[in-house]
Every structure is written in structure tokens, then in C-alpha cells.
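Labels A, B, C and D are assigned to the chains in the order they are written; within every chain, residues are numbered from 1.
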Amino acid sequence: MDYLINLSILFSIYGILAVSLNLLVGYTGLVSLAHAAFYGIGAYAAALLMTKAQMGFFPAMLCGMGLSACAALVIGMVLSKFRGDYYVIASAGCTIIVYNILMSWREVTNGAIGIFGVPRPAIGDFVFTSNFAFLGLAFAFLVLIVLAAQLIASSSFGRVLKAIREDEDVARVFGYRPLHYKMLIFVISAMMASVAGSLFAVYLMFIDPSTFKLVENVFLLAIIILGGLADNRGALIGTLILIGLPELLRFTGFPTEIAAQMQKVVYGLLLIVLMFLRPQGILGKFRI
Amino acid sequence: MTALATERLCKNFLGVQALRELSIEFKEGQCTGLIGPNGSGKSTLLNVASGLVPISEGAIVLSKHRLNCLKPHQILKYGMSRTFQDGRLIGQISVLDNLLLAMAERKPFRALFQFRKNDDLARAEEMLRRVNLWDKKDVLANGLSYGQRKLLEITRAMATGAETYLLDEPFSGLFPEAIEIIAGLSEDMKKKGKTIVLIEHSMDLITRLCDRVIVMDAGKLLAQGTPQEVLHNADVLEAYLGK
Amino acid sequence: MQPLLELSNVHVEYNRFRALCGIDLACGQNQIIALLGPNGAGKSTILKAAFGLLPISQGTIQWQGETVKPAPPDMVQSGLSFTPQGKSVFPTLSVKENLETAVHFIKDRKDIQSRLDEVVSLFPALEGKWNAEAGTLSGGQQQMVVLARGLMTRPRLLLLDEPSLGLAPKLVKEVFMKVKEINQRLGMAFVIVEHNLKSLLDIVDHAYVLRQGKVISSGPPTDAALRDTIQNIFKL
Amino acid sequence: MDLFFQVFVNSLVIGSLYGAIAMSFALAYRTTRFFNLAHGSMAAIGGYIFFWVRDNLGADFILSLAAGILAAGLAGFLIDRFIYAPQRQRKASSTVLLVVSLGIVTVIEAVLSMMFGPQFRPLVTAGQISSFQIGPAFITHVQVWIIAVNLLIFGGLIALLYKTKFGRMIRAIADDADVARTLGIRTDFYIGIVFFIAAALAGLVGILNGLDTGLQPTMGFYLLLKGIVASIIGGVGSIPGALLGGVLLAVVENTGVFTIGSEWRDAIAFVLLLVFLALRPQGILGKGGG
């Protein structure tokens, strides 16, 4: 049972990441590999503020979101200069730089050792110590963020994002300014990723930089491509499958190390095969 | 009154002069035909006038504003809209969404809080019915036939409610029924006092719809006047027919 | 006489869009054929289908009297060449290299040299530009390079896709005069796709007018019905 | 001053590694116009096959070297034939190909980890390293080889592209593959060979890198990222640009490392990339925009 709760918490956190990344990749056509950076910023902001400044979880999370938003403004401006594949490479560079900072700015981030003893969140006197209670919190955030994403997708704003994705010139001729739209969705998406990061930090009560590597971002990309681009339910289904999959492999009886690698083989193959069979994913409405 | 004019407009692409000191004007409330052989610079003129390609030299005059530098998102503010020759619809969204794109909120923060219920669906329905596309409103634009795409393209431009319309070969490759619909729309626009710039090859349609014709050749103005005058101009015949 | 290239009831579809619906068309030896019609009528599609760049969903293609399933490498070697729309030179290759790429299947250096000499005699203007990057030439010269490249394989039939695209009318005329000259000197056949140029009618033996994937009229350029259809479509 | 000279020599060695991987990457990129992120994995395959043939089959150095290079080349060829070529035929966008190549990287890294273990593995023991002194700086024999091979690859690729018929075909395909097909050129055949050559060169770089520092399944991707940075700095798709970019990147990296510490190496590299992308997206030698 505890095992299922663990999985559900992971599902909630990755669900948030996938839905927010889908806003960029699926709806706006920005294949961003910078998402892991904001995930990391959120996690470290929460962990540091809670351990070093004894801040509560919610204010710490809000600070993390603010910090992510600022970082997203800078990174987004830099990335806005690029198109297509250059965008992918440049955004990967951003994740690598942030990872490098988390690893090497030891005075603050404690480097590769990471940060221990991050407390669980509390509301008043109630502390989310049990995983079951924490699941409630994480799931509540997932619901909030999916709702927000759904609203964005169904608003005029979402329609413009799709137009920008396909033909920026046409969007311009009809009076829209693509840069503004791209910046706004980039910041929103970064703030959502930051929430997932904060939740992750207090869930494990420990974080180190290895979680926020580029490969994590590739995993997220696999999730949303599998589930379907430009569809929020798709992102959730993709999360469900790719979070559940390694657990299935666990039952095959391979040693843990091999199972971990098998898991990578499977999601790598999934990316390759999907691009042949169904480039828009299971529920997707958009092909990259 | 002048709706749109160019002053000694030049446009160079990598050493090729697409427009050479072109000075022409399009009068308010008139339909002006823009004709000329392939590669004479008609589409380039439209692209420059809608800000999609920057001006090399000279200026554009748009509702009395003289501009050397024009951004595409500004043209609507000056009351101008356009269509594309190749029908650039947003393929992976619905027909209705394509149309609403021309009618919805432009500011990103406000657009975030504008939903379907705020859209002017009544007007959208009226416009789509006019071109027999209401049944197709939920179809992705990619699923339309060539003719339907052309119809939606011009309807979308009209939905902006602009005063001046740049129409890049709206009739090309269409069947007579579709041609009739678009010709009808153009006539309606003229009745409402809108300005139209029409690129078209068929002289029949030009004579029927246009008050004036401007003939371009090799990026320059070759001749202008009423359709009748232009049709009998020896220079035009030579440029067009190469005779 | 047996036609060189013959299409019977050819259909082509892509993305569920019916680009050609039942095309019948023939080009005899030594003939110049024109395909006219508005944008999207399927003129280029015919060339691509005949050359094997697009699969046909129905109908047959006969080349030199035999039914073939065309594939570009085979067609080139059996004497059919295709020059695509626009300035389709290789811009970073020199003019000479551009011409040499066309005869990639020929090993014999002497043979290649003799073909180069032959082409130069047809396009003397190119000789001075031999080592210039093709992308730096003017539009008209680039079109000449494309035409010359098409001749390197000594085809029996050359498919020309809108050679006038982006050219000034005077240059277009020059290109067509060249085509006529080659046709008369070397006895080579041409199928030329054009948008709306009636001046092309002066040099062709037979014209087809297309609309929405169908041939709506065909005949020799003097044919009254054909002239009428063209009048109706282009009105000038 | 002595330290400065050592930094310079180190930059030259690392720059050669970056340059070599960047040149082989550029060869494939200029022909197919997509970021093949799996290219680096060919270096890892080359390194590991070399190691396996040498240590498990007991083959001599030359034979192992040949096996490693060949295996990498073959891997590159097969990946193109069975994965990229069909995608090209479907007119897949370059982003689709990029995502596919990300999948391939993930699979190859995981398979190498399963077969050889995920940990870092030196190819030579400390006692086997022989080095000598030029002026005040030290350089190992392997590092001299790295520099030499880098120059050889440069000369070889330039000769291949500009002096042979094969090179002319490749440049034609790079200019416009669709037009090349209309001339009856079997573009997929030529592109397959290009992938073989590019991957084989990457394999060679992987072996040299392994001999210099060691092997790790993830080394290829890491090396390629640097190669891509070098390639973009120099002008993407340009062979001399890739060489120049590699050396420049290494110089900046090592100077930065020397000033603020070795842990900032990657950040320095990618900040340099972003600066270049923003200010001069076409790179040093590039002509067109990015």
C-alpha cells in the first residue's frame, strides 16, 4: 500500500512537470530542454529556504516560483532569439548551466552532497508527515495545475499559442505579438515546474543535483510525446505509463542496476518507435 | 483620399531588386487591381506593405502615417488586413478557431481570461455561413479542400473588420461557384466603403471588380488607369504577353 | 508513330488530396509539349509522377513504348531528365560541378568532357563562369545552368517545371528560344509546365490545359477550342 | 608563464578532441541538416569495442583500433539506414529527427551500462602513461596523437569534400537533396556512407579520449554537446569552422577553469554557446543566419 502511495506521489509530481512542459512543447511548439532547470530551482529554493531560513513550505514554494519566474524571464529572453533545433540546443545549455551551478556553488547548494533534512510541509499544527497525507497535498497541487493548464488551453491565449506554433507570421499579421505570448507561457510553465520541484524536495526530504540533469528533461519529453502533444489528458496518461513502467520491470526479477537501465532502454525505444508510428502521441493533437 | 501609398519604395533580396523606386497609391474606398507578370514584384509589395519583409529604401504611407519601418502586428492598428496567396491557415486548429483568431483579444494577459463564451460567435456563424463553411466549423483547417481553404482565408481577413484589404490571388485555381462567392464578398466590401488591393490574373474579374488597375513589371510601375485604358495599353500587352 | 512518353488514366493522391484524376497525355519524339493551367491544377504533379518522384495510385505510364514504374535513377539513365521549379542549381557548387553532378553515373572522364564541351557550345555565356559558385549568378544565368545540367545526360525528353519562375519576361523569352534551338538542333523533346505564358504557345507542338487535376482541353496551339479555353482561364 | 604554457597545451589537446568530434558531426550535419544527438554515442561505442576487443579477445592495439572504428562506423550506418532514412522519406521535420536521436542516445547509453557497467573506466593504468616535456609543459604521447589525428581528420575531410567525386555528390546533396534526387542521384546511399564515415571518425575520437582519460557510457553525449558547441561557434556545418570552434572553446574553457575553478567548465562552455548564438548565430565562419 505504501508502495502505491509512493507511486501516486511521484505521479502527481511528474504529472505537474509533464502538463507544464506540454504547454511549451505541445501548445506553443517550443521544444524546451530547460524545464529541468526550473524544476531544480524550485526544489533548491524550497529546500534552502526551509532549512537555512526556517521558512514554512508555502512561502518557500512561492519564493521558488518567484525565483523561477525571474530566471524564466532571463532564459526566455535569451531563448526567444532561437528557432527550431537551435532552440532545443540552447535550452539544453540552460539546463546544463543550472545543473553546473547546483553542483559547483558549494557554499550555498552544498554541491554534489545535496541538502539533507528538508522538513515536511505544515499547515498550522498539521504536518504532512505521513506519505498518505502528503499524497493529498501533492495531488491537490496536481489538480490545481491541470485545471490552470486546461483553462489556458481553452482560452483565446491557448488559441494564439497554437497559431504561433504553426505560423508566427500569420499570428503577427493578425495583430498578435508572438514574443509576448511566448514569454508569458514560458514564465507560467517555469513557475509550475518550480512547484513540482518544491514538492519533490519536501517529499524526499533530501535533494541533490543529480535529479535535475538534462536526462530528466528527456524523460519528461518522452512522457508528453508518448501521451500526446497539446493535450493535457495525454500528458497525464504519458506520466502514468512511464512512471508505472519501471515498476513493472521491477517484477521481471532483474537486479536493480539492470532494471534501471532496462527502464532507460524502454523509454528510449518508445521515443524512437513513437516517432514512426504516431508522432503526435496517444491523444496528441499536434505533430512536431 | 489615399488609403495606402508607397514612396520611392525599394526592396532588395540578396542583390536582386524586387521593387525599384516604386511610387504608387491606392485610393480609399476603391478596388484597385494589381497585375503584372510572374516575378514583377506584386507579392513582394504586399509583403512589404504588411511588414513581413523590411523596407530597403523609401517609405509606406498608411492612413496618413509615413513609415520607414513597419511591424506586421501594427498593420491591423492602421486598419489593414491581408490574405496569402498560398492560403496560410493554421492547419492544426479548427475552422472556427481560425476565424476567431482574427476577432479575439490581442493582449496576452487579457487573452488568458477570454474564453469561448466571450467570443462573438454570432458574427462568426454569420460569416462562415456566407461561405458555406459553418458545417465545417469544427474540422481542422488542414482537412479543408483547396477551394474551402481559399474561402476561409478571405473570410478570416474580413473578420478583422479592417478598412483596407490586401488580397493576394484570392481567385486562383477556384471553380466558378467559389469565384462567385468571393467576388460577391468583394463587392459587398466595396459597398461598405472598404479599400481593396487585388492581385489577380484574370482580366474578366479585374474588369468586373476594379475601379483602377496598376500594372507592375520588374519591380516598377508600368501603367495605371481604368481597366479599359490599361487593357489597351501597348506597353502592358508587351510585358504581359512578351510579344 | 509510337509516342516517347505516354500517360493513360493517371491518378495521384497525397494526403488524401486528389492531385490528379485520370490524366491522359502523350509526348512524341522531337515534340515540345506545354502544360498550362492555374496554380494547383496539377501540372507539376504530372511531371513528378512521370519521373517517379510521386507514386501514382492508378493508371499506367509508358516510356519508349514500355510500361514502366518510374524511379528517378532509372529514368535518368534511360533518357528522361527533369528540371525542378525555381532556381534549382546547387548554390555552393561551381557551374562546372553543377553540370558534372548530372552525369554521376558516367565513369569515363573523356565522355564527361565531351558532354561539357557540347553543352558549352549551346550556352557560350556559361564558359566565363565555369568556376563561379552557381548561387552567385544572376537569375537568368542560373536558369541556363539548370537547363544545361538537364542536357548533360543527353536525354531524349526533358521535363521542364516552370522555367520562367522569377525571371523577367525578356529572359523568359531567351529561355524559350534556347529550348526551341535545342529541340531543332538535337531533336530533343520537351514537356514544359507553365503558369500563364501564352508566348510559350509560339514554340510548342501541342498544349494541354489543366484545371483541378484534369485535362480540360488539348490540341495544337492553333486549335480554336484550345485557344478559347485559354482565353477563358487567363482572359488576356 | 609556465602555467600559461601548460594551459595552452592542454587547450590544444582538449580543443583537438572537441574539434575532431565537431568536424565529424559537421560532416553529417551539413548533409542532412539535423542535430544528430546520437553522434556522440558512436564515440562511446568505438571506445568500448576497442576496450572489449583488446582486453577480452586479447587482440593487439592496431586490430582493436580497427575493430572499434569499424564498429562505430557500422553502428552509424545502420542507425541511418533503419531509423533516419525512413524518417527522411516521410519528410520528418528536423525536430522529429532530433527527438529520435535523443531516444537512440538513451538506448545506447543504457545498453553500454548494462554490458560494461555505468562507472568510469580508465583504459590505461597510471604506470602506462608516458609523457614528455616541450618547454615548460608536459604532454603525453596519447595527447600528441590526439592533436595529430585531429589535423589528419581535418585534411582528410577537406580533401574528401573538395577533391573527390564523392565529395561533390555530398555537397550537392547538402545544397539541395530534392534537386539531387531529380538528377537520379541515390541520395540515401550517399548519406548512408556519410553516416558511416562520420560515425567511424567519432569512434576514433572515442578511443583516443578513452586512452587519454577513460571510458564511461555517458562520455559520448557529453563530448558531443561540446562538439556541437564548437560546431555552432565555428559556423554549423563548416569543417574548418568546427576545428576552429573546438580550439576556441577549449581555450576559453581552460582559461576559465584556470581563473575560477575546474568545476565551472560546463557552465563556461554553454555560456559561450549562448553568447555566440545570441550575437553571431552563424558562427565565426558561417555565412547564413542561424
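Rule of thumb we're sticking to: contacts are C-beta pairs under 8 Å (C-beta built on N, C-alpha and C of every residue); 3 or more make two chains touch, one makes a residue touch a chain.
All values derive from a computational prediction rather than experimental measurement.
Asks: If we look at chain B and chain C, which chains touch each of them?
Replies: Under the touch definition, chain B and chain C have no mutual neighbours whatsoever.
Asks: My parser should flag the chain pair with the most contacts; which pair should that be?
Replies: A-D
Asks: Farthest chain from chain C, going by mean C-alpha coordinates, please.
Replies: Most remote chain from chain C, centroid-wise, comes out as A.
Asks: Distance from the CA centroid of chain A to that of chain C, rounded to the nearest Å?
Replies: 53
Asks: Distance from the CA centroid of chain A to that of chain D, rounded to the nearest Å?
Replies: 30
Asks: Take the average of all CA coordinates in chain B, do the same for chain D, and state the distance between these two points in whole angstrom.
Replies: 49
Asks: List the centre-to-centre spacing of chain C and chain D in whole Å, with centres computed as mean CA coordinates.
Replies: 42
Asks: Using the touch rule from the top of the page, what residues of chain A touch 2 or more other chains?
Replies: Residue numbers touching two or more other chains: 287.
Asks: Between which chains is there touch?
Replies: Inter-chain contacts occur between A-B, A-D, B-C, C-D.
Asks: Mind listing the chain D positions that touch chain A in their complex?
Replies: So the residues of chain D touching chain A come out as 34-35, 83, 86-87, 92-96, 98-100, 102-107, 109-111, 113-114, 118, 225, 228-229, 232, 261, 263-264, 266-267, 270-271, 273-274, 277-278, 281, 290.
Asks: Touching chain C in the complex: which residues of chain B?
Replies: 16, 37-39, 85, 145-146, 169, 172-173, 175, 201-205, 217-218, 239-243
Asks: Quick one: which bits of chain C touch chain D in the complex? Just the residue numbers, please.
Replies: 51, 53, 72-77, 81-84, 88-93, 97-98, 100-102, 104-105, 149
Asks: Considering only the defined contacts, which chain C positions touch chain B in the complex?
Replies: On the chain C side, the touching residues are 17, 38-41, 139, 164-170, 172-173, 195-199, 211-212, 233-236.
Asks: Any idea which chain A residues touch chain D in the complex?
Replies: So the residues of chain A touching chain D come out as 31, 78, 81-82, 84-86, 88-90, 92-94, 96-97, 99-101, 103-104, 215, 218, 221-222, 225, 257-258, 261-265, 267-272, 275-276, 279, 287-288.
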